Each structure stands twice: as structure tokens, then as C-alpha cells.
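Every chain is named by a letter (A, B, C and D) in the order it is written, and numbering of its residues begins at 1.
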Amino acid sequence: MTGPARAPEVIALAFVASDRAEAQEARARLAAIYGEAPEDDADVVVALGGDGFMLEVLHRNLATRRPIYGMNRGSVGFLMNDYGEERLTERIAAAEAALIHPISMRARDAAGVEHRALAINEVSLLRETRQTAKLRIVIDGRTRLEELICDGVLVSTPAGSTAYNLSAHGPIVPINAQVLALTPISAFRPRRWRGALLSHTARVTFEILEADKRPVSAVADNVEVRGVIRVEVVEDRDISLAMLFDAGRSLEERMLAEQFSA
Amino acid sequence: MTGPARAPEVIALAFVASDRAEAQEARARLAAIYGEAPEDDADVVVALGGDGFMLEVLHRNLATRRPIYGMNRGSVGFLMNDYGEERLTERIAAAEAALIHPISMRARDAAGVEHRALAINEVSLLRETRQTAKLRIVIDGRTRLEELICDGVLVSTPAGSTAYNLSAHGPIVPINAQVLALTPISAFRPRRWRGALLSHTARVTFEILEADKRPVSAVADNVEVRGVIRVEVVEDRDISLAMLFDAGRSLEERMLAEQFSA
Amino acid sequence: MTGPARAPEVIALAFVASDRAEAQEARARLAAIYGEAPEDDADVVVALGGDGFMLEVLHRNLATRRPIYGMNRGSVGFLMNDYGEERLTERIAAAEAALIHPISMRARDAAGVEHRALAINEVSLLRETRQTAKLRIVIDGRTRLEELICDGVLVSTPAGSTAYNLSAHGPIVPINAQVLALTPISAFRPRRWRGALLSHTARVTFEILEADKRPVSAVADNVEVRGVIRVEVVEDRDISLAMLFDAGRSLEERMLAEQFSA
Amino acid sequence: MTGPARAPEVIALAFVASDRAEAQEARARLAAIYGEAPEDDADVVVALGGDGFMLEVLHRNLATRRPIYGMNRGSVGFLMNDYGEERLTERIAAAEAALIHPISMRARDAAGVEHRALAINEVSLLRETRQTAKLRIVIDGRTRLEELICDGVLVSTPAGSTAYNLSAHGPIVPINAQVLALTPISAFRPRRWRGALLSHTARVTFEILEADKRPVSAVADNVEVRGVIRVEVVEDRDISLAMLFDAGRSLEERMLAEQFSA
């Protein structure tokens, strides 16, 4: 922590907080102690809230490579460091970065409009009405399932594998495993199909069959496109996100611990 | 088959068919051979099609106790007897009846309107938008889950347990087991909650939390009510459906065989 | 609790305890307060320990119909009432009885000897060596699976469905559901076969194939028979066990609550 | 296929076959057509049989880096190419190699003897008697589960993930995913624990608790050590196995296809 090469006291921090009173109050106190830079000029953004807010902050910094350091002031804090007001610059200087790539969604709707969005956790499709979804699944240009009848389906990153994917009965995937999880939601036919773990280089295309009668919406993290007819998902390796975790509490460690917490 | 008590040749049959050409043609041939009564006057209704059509015919005969004998002219025929044109009255006379009770749904929407429908397979709830559903589950007046965060949830009859329930990872239940299966769809919290098998006498109430922000639709077999705020499900023992199955191929036998077909 | 028909003060109680010091000490105090009858003369046996001890006491009273009232002095107390030293005769007089039937195992070994034992929870088969088990499953005289290749398989009562059966990925079954759960342990072929819920009247026979090369042991609760070649399991409706549970904390209620505790 | 650098006609082939008549006959015909080298001098070993035999041949060539080309003459041929007698040297020359690393087991028994074996599919532990196994799981020197009560547990390579691991409810893992699957067999406590996907660099240690009362055996593919007290599993990156697959039918492709075969 000493020595000329590392001078934590000169890191410019931005503090951002969710709407919760607890998070807002923390923001005010921390800004008073450490000063604050605008988010666009900061070396590190300190996000105060829960996982939902962390995802928001990550999303708006996708283009910047600016590292995000979260502290838990929310209800679910899997991605957050413990909250503390002391020695924050030292903690941040000593933190380990988890570099993750988002997946990109290209969703075409019935009007032919193409919608693009990035997802850190998952891209999911779900039927909109009582009509079950009928989907064709194409991977790297090759049809793998001619027809999946289901409530929906999702493609999850390793980082997202403990989120929606887990609830849909998909496997937890180590953060560095270089795979994507393809997980169905209530597969009707093939009966109880379990999904697949795919290479992270896979390009996954969903073609929505009988889209008029069986409308399906697509969601990239929290961006929803209704009435899609075709959705393409691929990892975007040009974008790297840096989440900072306190030493000994890395994301890899958290995901490992999560698997033993059941 | 002989003897005065049973005179199969005088059974009045109605023949009804799904839209499929194959089903329509079968209907015409059978009516020519056996004559036909109007559905309302028939002793037995012969349904020609697949399981979807069978459900339709069962629904429109819910109030009548009129037995239904299905023959398979569709793609999925779990509830259907094998198709054949010979000795049909004898087959029907020798068939065994499966008596099943539907479950009734009372769904109140945001406008306060109450919708009622009967289901032979299941009553299911599913989120309508990207917002996950939040539900309270109350059984016989006692709150059992304060808050289930999920894609949805369903209550299945034994007869329906091989349908949607199975796709949502619920168990197959013997037709005479006197239970209802309560099965979540993608349970987020409690994480990976597996659902429950309930006594068939249970009254299950779902209260939709934050219904404005998190709209949920309810479906009884194929009747959909959107924007529900409260849904109650209970077996209706006043109504008995009689499905007729060829000797040695009873519904109980079919469900047992299905469990060994994986 | 008043009135001539019910005189709790004259119930003769036997107190039995597991080896744990905590259980032994409780036994001594309760016997001093309430007096004690020999187990064979008691109206009710009070079992002090955990579920494992409860099973022991139930087993040695199988032939007697003598009701057992458990109080928790062990590590796992799903079948036990809360421990308390006051007003015990009143609690017992007000308790509700859960009547359950054991299942009987008839296991024939390679020497042709037949071993019989009763199980309250389950009868299970497991391979003894690295050689996977090969079993034929026959139900009511009809072969349902020609060959199951697996680590093992079990038949569980409803009361046992929260025990080994649940660990082997079987469903929790309501205590009054009148079914038996047939659940495989690591099914190799048919691949990932899920088992079946059977009518409680079913007679389940396992024939061990290639038993010389692939030795299998059979266990009824805690009685083990090694090197079996044929095992038959059937509910024994001639025997009824009465477990007593404090009002409002019936076994049915416990099993329901267990399903919502995940 | 042309050019001086590639001369398939001079590849020395050894032909080895399982005991099955079908495999032995194929061996004789192929040796007559293509000539045969002793296994130790061959450039490529051609294995004729099913997956079980393939594992044997891989095992006895672990130290040699000699590529193995399997052709299916057995009942299960997931690892085998289609059988054919024509243009075999050309097929082999055009084949793609799947390079996989085995995992090594070091198992210490109660007498203190250490047994070592390599596994291409999995290292598994299973209880030997009716007493459930109690295990501590340590990963990279850190205790992750203080006590797992279970029938057993296994560590699977990606190549083995479609074998025992899948039957024990573990996930299929892509061949290049750089993970190991840790999968329990009937986890009693933690109740229904699902296992974990670990980094391929993980060193997994199982300590058998109460080994006297609760004997456990360990199996590396088909080498069994009984009465173990401690088992260590780690990927052996010094050893690479080359399995040859016909172009377009690579192991990666097979594992992907397997996941879509419902």
C-alpha cells in the first residue's frame, strides 16, 4: 500500500445510489468524507444499493470500461461488497477486478424493426398470452431444435447463471468457464428438455414460430421488446466490464461459495 | 356382451370431430355406419381428434355427466382410445369410465370483476411483462408463502399432472391419488422452491402483490383472464366427468405406463 | 378436558429415551413427575430423542397398536413434538393420532433364504460394489421396466417421502395421499428416469439381474440384507401405527409446512 | 489430402477389439485389409467395440499419447465413429483430435496405503453398507462443506459429464469448458444439495468421516478402492489423450447434439 507506484488517495470517486433512503444517506456521508467526482470523470464509480441497482450502473458504464465498486445498501447484494465508511480508497485500491463480457441481443419485431440491447445477466424470451411459445433454436447457423414448445427460454452469462437461469433450473456456471447456459422455461416438447451449456463463442438464434398467434417478448436484463419474431444472442467480447471486489471476496469466490450454500 | 341388462346396439352416439381433415372424414364414415344423435340427446359422445379437442368436448359437457369416448385422430392422444371403425358399440359398452373432478377458478381482476371457469387440467398464473410476479399463497385460509417471486405458478389435477405441470418440473400424480399439485414456474424466491402436493380438499388462494406494476394473467385450461389480483382454486366435487377407455387401457394404466416411458 | 368421558390423569405412560445424555436426563425427570409404566403395559409410550430413535420405538411397537408420543431431545425432530415437562397428560390426551401403515419387504438372497422386515419410511436397494445394479421392475405381476441400470432404487411411504426419497429427488407426498413413491437412485438407463407415484395397493417386485457380478443390498429402514436376488414390497394394511401429535401440529400439517420451508 | 506432407497410406494401424463376436470379426477383416502393427508400435490404435472398451484402450495408452480411433461394434457408442471398412486410412488422416486430460485419484485406505489411478470420466465415492456416507469437502485447501451426508459424490471431467454425472443429476459440460463437475448422489444434508461446477484447476479433497462405522469405496472409472478414508482428485494436465473423430462428428459436436436430443 506504500510506495510511489500506488497512490490510492488520488483516486477520483463518484458515488451513486439507488432510491432507497438507506442508500441515499450513505451516498451523502461518503461524498462528504471522500469528496466526489462526476460519474463521467471518475476513476471508479461507487454504487450504493442492491444487485438491481448495480446492474443499472454497469449498464450505463458499458461503453466506458470504468470500474464499478458496489457496496451493499439493498436487499440482495450478491454483486456487492460489504458496506463500510472507513479506509474506502485503500479497499478499492486493493480490490480485485472481475472482467466480464455482456451478451448482445438483436431482436426483430413483427414490424421489422430491429432492437439492440446488451445484457450482463441474461436474454430471456417468454410467451405473452395463454398461447405457448413455439421456437426454433439455431446455433452457429445450424438448426438444433426444430421446434421447442415452452413458456420461454433464456441465454445466461456465467455472471447471470445464479440469477434467472438458476430459477429456471439451469446450472450455476463458474465465472471463467467460457460457456453460455441455454435454459428452457417449462419445456412442453421436447418433454422436459433440460437445455444445454454452449461454448461462449456460440451465436444463438431463436426464430419465433406462428408469432401472430403466439406472441413472445424478449428481455435483455431489463429492456423488453414485445412481439419479437427473431432474436439473436452472442457474446460481445469487445466490451469488458470491470466489477471490483474486496480481496478474498472475489466474484469467483462468491459464485463458488453460493454453490455450497444450498 | 349378451343378456337383457346390456344392449349396446341401442346406445345413441353423437360423433364430434376437430377441424382436422382426418377427424372430419372419420366423423362422416362413423356417422354413416352407426347413425348419429344430436350431442344433447346422445348417451355417449364420441370425440374424434387429439387431446386438445377432447378437452373442448369435456368442457362443453361438464354440466351433463354425459360420458365421452375419444378416438385418436390428432397429434397427441394421451386421453384417446385407438381409432377403429369396427364393433364400436361393443367397445363402448365394454369400456371403463374414469371419473374425474374439475377444479374451479374464481379470478378477480383489477376492476373488481370476478371471472369463473372450470379446468380439467390446471389453473395457471403467469407474469404478463418483464416484471416478475409476486404472489402470496394462502391454503385453507392460512398463509403458507408470504411472497413467491416467480414467472408463475399452477395448480394441477391428477389428470393434468402429465401436462403443463410436468413441463414445469412437477410430479406425475396417480389419477386416484386425491391430491392437487401446486407447482411454481421459475421460482426466484424462495430460490428454486419445488412446490407442494396438497390434499384434494385444499382451497388455494393466490393474492397478486403489486399487481399494477407486475401484471399477471390466470388461465383455466384455455380461458384466460388478464390483470388478475386474486385467484382462488378449489376442486369441484359436484361435477364428475366420465371419460371412457377401452378395457385394459384405462386412464390409470396410461398414467402408470407414462411414468415408465421416460 | 373436563367431563367424565376423558380422564387424562389415569393414562399409564412409559418413558423411553435414546442414548443421548439430554434424552436420558429428560426421561429421569419425567418419570419422577408422572410415574412410569413398563413399555408393555403402557397406554402411551413417550419417546425422547430424535427421529432415528422414534423409528426404533415405532418398530418395536409395530405389533401392539400402542400409540407413541415423541418429544424432541435429538438433532432431527420432524416426527417429534416440542419438549416440555408441564401438563404432559393433558397434552397427550388432546393430541391427534396419525395412523400410518408400514410397508413390508420380502427379500430373497442368493442362498434362497427369505428375509422379512417392515419399513415405516422406505425399502431401498443399492449396489454393493463398483458394478452398477441391473434390476427388473414388476408391478402387480406386470413388468414395467425390463431393465433399470442404476445405483439403486427405493419405495417410500408417504411418511418417508421427506426422508431418503427426497434426497434421491423424489416428491414429497401428503400423508393421506394413498400412494407409494418409487424413486431411482442415479438412473443410468433409462437415462435420468424419474420414477413413479404408484397406488398404495401396488405390489412392487425387483428382480436383480446378473446378481453374481452385480451384488445389491436391500434395506428396510435399518435392516439390511446383502446379496439379494429378488425383493418384494407391499403396504401392510393389517398393521397401523399411531403417532400422537400435539393439536395444531399434526403430521399432515408438518408435511405441508415442510413443503413450504424450502 | 494431396501433397508430400500428408501420406495417409503409411500410417501404421493397430486393431484391437472387445470380446464381442461382432468386434472380433471386424478386427480380423480390417487387419486383413490394412495390415496391422503391434499396439506399441502403431501410429494410431483402432478400437472396435463400445464406449466401455474405448475407455479400456484409452487407459492403457494414457502414458503414450498414441491417438485412438474408435469404431462402433458395441451397444453404446457415444465415443465411437461409425463402423466402415472402406478408405479407413483416409478417414483417420482427416479425423479431428479431441485432446482431453484425465483426472487423477489418490485414495488412502484405512491401513494407510495410498492407491493412485487415473480417470477419464469420473472419480466417484459411494457408501458400502446401509450406513450413509459422511464426507467433508475441501477445495484448494479450504473446507467448503463441513459435512455432506449422502449416498456418495463424484467429480466428473467434461468428457465424463454425459456418463455417471448425468445420471446423478449433474449438468452436461462442454468438452472445452475448463471445469470439473462436483455432483452429489442423494444428498441428505445439506438437503438436496445440487453440487457445483468448479474450475478445472481445483484440487478436491474428500475426507471420510466416521469411516469405521460408515465405510465408503472410491472408484476411478473402473478401479475400485474399498474402505477409503481420504480421496484427492485433481486434473492431470501432464497427460493428454487424443481421441480421433471423423470430420464433422467431433466430440464437441457429439456433446452439443446430445444436449438437444432430449
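The rule we apply is simple: a residue touches a chain if its C-beta (ideal position, glycine included) is under 8 Å from a C-beta of that chain, and two chains touch if they have at least 3 such contacts.
Owing to the predicted nature of the structure, the values given are computational and were not obtained by experimental measurement.
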Message = So, comparing C-alpha centroids, which chain is the farthest one from chain D?
response = B
Query = Whole-Å distance, chain A centre to chain B centre, using C-alpha means?
reply = 39
Key: chain A and chain D, separation of their C-alpha mean positions in angstrom   = 34
Task = Return the distance between the CA-based centres of chain A and chain C, expressed in whole Å.
result = 46
Ask   = Which parts of chain B, given as residue numbers and ranges, touch two or more other chains?
value = 192
Ask   = Hey, how would you classify the chain contact layout here, line, ring, star, complete or other?
value = ring
Query = Where do chains touch, given as pairs?
reply = A-B, A-D, B-C, C-D
Note = Given the complex, residues on chain B that touch chain A span 126-130, 150-152, 164, 166-169, 185-188, 191-192, 217, 219, 222, 224
Of all residues in chain D, those that touch chain A in their complex = 137, 139, 144-145, 171-174, 176-179, 190, 192-199, 252, 256-257, 259-260, 262
